[in-house]
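A single structure is presented below for examination.
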């Protein structure tokens, strides 16, 4: 257990200002290895912005970010992803004109190091098929390996997206509202999936569905107006009157 | 399974004088070659709040878009306030007093928050004033000068809703308006909808969040595969639980 | 002995561009008139004329000529206005050993460095223009020049030839500006010319470009301010387009004018009936070249290139265009040129009565002696 | 730098600057029309040059066949060409709504070929002269150069049109509709705005602006079927520098590119036709959305 | 197997064609087919509309023309030099343009190509408006005389086949997979750790090099290089060929090029000569309005639907 005691991701004084408007201010976030960590808070609290800072889609105005003890404040998005931090998008992000297997293979093939080889045959990628199918099986898409992804229903696309993300064998996954826009049954599916993949992995997610948060998350950080309001387990956090007032309302 | 509801079936007290605001008959809609709606029949009365429930892809959004005239190819009949609009253009439909809040929010990135708010032309009297709206959604007031799409996801959702409340439209087609909103704001929206109902607004609500929709709605239409498979009145929720289980869960 | 049983002439010209008025469809009519004179057959074989629009582009011309020669049994190429076109077709004619009758292009290099054994340069060249207009203008005191030059081989050749004449006569060339081909707005170039302070602004361009340049000069009051415009290659059709009001007093060197003698008047009248326009030198020259080519075939009974070429050189060119013209071994057809001046509206009796011939420039003076030619195969 | 400047007589410098400004006025009006069209239809209107040419031909036709002179043509030619634009939009461009914007560029490219090709066939490529209107003949000596009245008029008329357009599109509600309509026309229509009409009128207006420039150009450049074919590329560059769809950007950039081109003609004449593209490359590296464009 | 047979038949036709058809015309057709296929690599498979490909086609034409005529390089080497310099030019233009998408990308490439055009028009080595004329065809492998049209044809056929094969391979390679992923969803590809700019740039440079190969070969065939090759109309024409044949299909661009070149050739000698641009324009409009998949694309769709 000693291994899971350390922090995989730490931010210090993380701040982002947009033209005089401070969206994130002085956030110190510490995410423990192999936990599911949720970021919640009112609309406009800065959750997505924090995400974008962590994945380098935005450059912080101030502050630092460390991943596995390494400073990644100035890294590029692709670099972060190669280091093992992968995000999923608020909307589903797949390659619609490719089959499900090809979708996953695109993620797998980077490791072969032949991605610039335009003179090599595609067949050299076939050796990745088994691994791709295995990943698809993990998210319940074994029947859809050869289906064009554009035609899949929404919930399946999200599942595929997670399979693709898993292909990168990320140490850490960032999920922005993974259940958004989903019906009840899909929410169930994704919740289970997240639990399944969280083994030996760290997950940071933004989620407004408190049901999902309460069943999945080990640790919760509440943001408000760009700053950390409080932190703790679901029970702790939901008992906090400030959180109730600013965020949960009657739901808590 | 009764698709067509006769007048005497209506139980809701809020329904004023049983004026038909919206009547849809045998509506079919197509995306290119794919057939999305397979003959929808429904009626909504003035002052009523109804929901469209169903799984992802069951055709709820398509129904709203069809009413708005946003689906290129559709057949059947859609009567709005007594007018046939199946062949009408979206802008003339809007001017019958219909407000539409799309699933994808549709905030314009090239307009500021305030411009977004002011954009839709007034289609009837009695819309809310900008002050009222800013009071309801303080986030928007704070960010009024910033670019529309720079808002957070939830703020955009607020803007999309506020935008049509300004226009005076009294038939509201609302698609997943609680999506991405913090629970406190969802509570507030619920209050707003109740208030609108008392003012005689007619609301068609597409919702995933059944907990939100249940206490507000007079009736629920359950959709599956492009059809309405069940109609459930507010007071039948418990007795017809099996229908929800059949069509809404796994 | 006529190859393939037909004498076929391929005429390449600018059908719709800058040079379509000075050459263009009129050259086809002129060539047809020459063919008509033979009754459509020569040495027992029918004469055929094919034509194409080269859009003033070298590549189109070369491709067309090559295809004509390879697949359509064309025996000779005619007209070839604009130097770049003529040079491109020369390349093909050399490979295919076919005669190229140049009547449109003007550059003197065509019978000097760029010459080919089978390339014949008929109507005029830039040297003759320099000798004619250049020396006339210098003689009147225009001894400092600034050139507006079309940015391709022809413009360069014209500027070069005129500069030589100007400098030889003791004048000075102060500078030049190259303008794109074709250009529509000359105002900026005119301002540069004006700023140079030269007494004479020489227009080393042709057709539509010359017309536009002259108009810009008028608009910006260049002439009122005391500078003189010298159009170095002006055609009758240009004068017609400009109107006598604008063009009066302009000096120009021409190879042909319709109103010189009965013969020219009679031919030009027939040409006018067909086209509604009086012929330019290029058009008359096309007639003369095609006619002479056919005469040689008639005389030898063969369309073999070398045989015909020898005969063409042997016979003097005798028609309404050239009086005792001589075809030299460098390809130059030497004939008299004329210095003309545009009449004032008062002097003109009506449309097309535009020019007054001031001086006849003997062929030898206009084109120089053969010894001057740098053609390696002369 | 100053000594460099002094190396050139002021006549050259100011003269070319002024001419540059006049050319800039054409760039401004043309790029304004493009910006309007791009702003609402999201179409890069490759046919703009051809429609500009149609404006000039309409002027010529009105004068030759209907006896309507220059001043009448100034009103009627844009109307006629605008009506043609309305027709093109209704019949052709409309069918592209909802598909990749690049198809709009390709369609209008084809249209340009058709229109220009037809006119070359009918009228030749060499151009037909159009006289300067009586009232504007002659000019005034500014000391450093002789300014023909007509060229002065071109600048004044263009600026007036630009300002009026800017006001219409940036200071009225129409402006907001236009910007919103670019992004999501269907939704705007669902709000009750007659987007199809707005689109048609915007295209008609943009095209009418092109025709207006064509009328202004007729006495200067002659009426030539290909007069717009190379100009259009330069105007594209102007629009890109200014920021696609930005009205202000189009006008300011149009004028300043004219001036920069004029300056280049003094210092390095050969580069004058390239300088705009160089500026464009630099701007795009430093400010990818253009000088006045908002980043996407 | 079926496919293999198809290829054999096409090859047989290509080998026999010069016995029946004017070889120079066939060579022109091949060069443009290669040009369009190269262009398709960036538009059809990379999703980027370049409106400046004439710069590569024309640039290579000039440089290989110069290399052959002035430096006297052997034919193969001259063509190679032309193609490679188009690649270098592609690298320069691509580096600037690749960061932008859609219409911006089109406009930037157009502008850059326009700059290249002005360089060509004003450099002495290109001959400006006159063009670079009299390029020698030389010998293939130092022994086959290329002034003979037939031998020249087989030489060109070999070059173009090599080009086509390379393109087909690139499309179905690990690189091609990433490229189509990028075309489908750029952000996602980036989040998977791909440096998408570099992939697009490589595709652009490849496309430019092969377009250059086509231009250089054409110079040798016609023995001249001219501004027409570098003019923006040429950039438009290659878009038309690709669109007409079928975007993103292997055979489409070649078919499109075949149709356009044949049409131009046929029209140019008939009474419709002056209408060539109009006809091309009409095809353009028709394609965009009702034929967006192109000949090959529509055919494939038709076969898919009816079988």
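Think of it as A, B, C, D and E in the order they're written, each chain with its own count starting at 1.
As a working rule, contacts are C-beta pairs under 8 Å (C-beta built on N, C-alpha and C of every residue); 3 or more make two chains touch, one makes a residue touch a chain.
This one's a predicted model, so the numbers in the text were calculated from it and none came from an experiment.
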Partner chains shared by chain A and chain B (touch criterion as defined above): none
Per Cα centroids, the chain farthest from chain D: A
Label of the chain whose CA centroid is most distant from the centroid of chain E: B
Which of C-E and A-E has more C-beta pairs touching across its chains: A-E
Centroid spacing, where centroids are CA-atom means, of chain A and chain D in whole angstrom: 49
For chain B paired with chain D, centre-to-centre distance based on mean C-alpha positions, whole Å: 45
For chain D paired with chain E, centre-to-centre distance based on mean C-alpha positions, whole Å: 32
Residues of chain B touching at least two other chains: none
In chain D, residues with contacts to at least two other chains: 120-121, 270, 273
For chain E, residues contacting two or more additional chains: 274
Pairs of chains in contact (touch as defined earlier), listed by label: A-B, A-E, B-D, C-D, C-E, D-E
In the complex, chain A residues that touch chain B: 18-19, 21, 41-49, 90, 153-155, 177, 180-186, 188-189, 208, 210, 245-252
Interface residues, chain E side, partner chain D - complex: 49, 51, 96, 99-100, 102-104, 106-108, 110-112, 114-115, 118-119, 122, 232, 236, 239-240, 243, 274-278, 280-285, 287-289, 292
Contact set on chain B toward chain A in their complex: 54-57, 103, 139, 143, 146, 150-155, 157-158, 176, 179-187, 208, 210, 248-250
Chain E-facing residues of chain A, complex: 55, 77-78, 81-82, 86-87, 89, 93-98, 102-103, 105-107, 109-110, 112, 114-122, 124-125, 164, 168
Chain E contact footprint on chain C (complex, rising order): 15-16, 52-53, 57-60, 62-64, 66-67, 70-71, 83-84, 87-88, 91, 151-153, 180-181
